[in-house]
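Before any comments, here is the structure.
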Amino acid sequence: MLIGKVTGNIWATRKLDGLNGFKLMIVSLVNSDGADSKSAMVAVDTVGAGIGDMVLVARGGAARKAAMIHEGPVDAAIVGIVDNMEISG
Amino acid sequence: MLIGKVTGNIWATRKLDGLNGFKLMIVSLVNSDGADSKSAMVAVDTVGAGIGDMVLVARGGAARKAAMIHEGPVDAAIVGIVDNMEISG
Amino acid sequence: MLIGKVTGNIWATRKLDGLNGFKLMIVSLVNSDGADSKSAMVAVDTVGAGIGDMVLVARGGAARKAAMIHEGPVDAAIVGIVDNMEISG
Amino acid sequence: MLIGKVTGNIWATRKLDGLNGFKLMIVSLVNSDGADSKSAMVAVDTVGAGIGDMVLVARGGAARKAAMIHEGPVDAAIVGIVDNMEISG
Amino acid sequence: MLIGKVTGNIWATRKLDGLNGFKLMIVSLVNSDGADSKSAMVAVDTVGAGIGDMVLVARGGAARKAAMIHEGPVDAAIVGIVDNMEISG
């Protein structure tokens, strides 16, 4: 899974039905040293994340399983909110 | 999903039948700060996007589900047009 | 799908049977401004592409569907030859 | 598979059930010369890895097969601990 | 598929059973100009590759099909040894 910080929300009136009902959140991915990697993605939220939360993002088939929409147009989902990161070594 | 700006169209007479009937749009992906990431991809349009629109792109199996062609040679689809991006934190 | 220029061919006598019969072409991927992105991949050709052609490359399951070898060791296929790219915005 | 060094652990109380019971480890991926590539990911551990171990990470469907949770929200799993890397040529 | 040079071997006593019996080889991926891209991955060998060989690597589901282990924790496999690369244009 990828690690990133929720930095925003997206509103899209014209979108596929399969995305209806999901909060679409912008996640800025971080590097191994925790810094902003400049890469961002939009993920459906499945755990009640909020802006500023550090989160885990699952991609591909794992995202559809997380969002429980096997036939949906989803390829990224927030699957956990990080309480604590212990980094060493 | 990825976020990007529609910056053009592609015409390809010699292409697989599975791509027939789809608008093939060039999407320039953006970074976490909204700047052009230099990366681009071609996505089939499923929501009526136009040049200049900021859009959501789903990839892999999610793209085929979005385009409703489970057996088609598609791995990227525009699945939403962004009205508004709230970025903070 | 990715956009790139066909810049060469690959010959591989010792390869899996699933790759037999396919032209293996080197595709140099381009950035959003059309410049060479320095990334390259090898794709099976399914539309009769030639050196110098700008092409669309589908990846993953989409490539196997394009090459019609669901069980083959293929993860990238040329699925269209670009006649014209209209880039603006 | 990717090669990386386990550099930390993640704790996430609010996460999907499918992640329960797994150690979530931060893996900093390495380049072809063994240096830190700056990219990091979180992988579920399936072989008893520890901080400082050089490990193999499988992604996508391979990760769910490794973690034996075909329906789980997992897209990266540690599948081996590297004893020795012989690099030459 | 990706192009790269086999630059080493990996030994991992503690690994998932699904990886048993496979040679695990380090492949340093090359750019469109043939130079080392700094990216590396570990792939199971399915064609008898050796150190110094330029090889084709298939990823994801294609790798499991190449290694004929549909349920195995494999996401990258060497599927061909390059005899000759004709690069032009």
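Order of writing sets the labels: A, B, C, D and E. Residues in every chain begin at 1.
Operating definition for what follows: contacts are C-beta pairs under 8 Å (C-beta built on N, C-alpha and C of every residue); 3 or more make two chains touch, one makes a residue touch a chain.
Chain labels with UniProt names: A, B, C, D, E = EutN/CcmL family microcompartment protein.
None of these values were measured; they are calculated from a predicted model.
Least step count on the touch graph, subunit C to subunit E: 1. Chain centres here are Cα means. That of subunit B falls 19 Å from that of subunit C. Here the CA centre of subunit B is 30 Å from the CA centre of subunit E.
Annotation for subunit B: residues touching 2 or more other chains are 37, 60-61, 63. Begin at subunit B, move on to subunit C, and keep following the contacts round; the order you get is B, C, E, D, A.
Across the complex, subunit E meets subunit C through its residues 1-3, 30-33, 37, 46-48, 56, 58-63, 65-66, 77, 79-89. On the subunit A side of its complex with subunit B, the touching residues are 5-16, 18-19, 24, 26, 28-29, 36-43, 51-52, 60-61, 63-64, 71-76.
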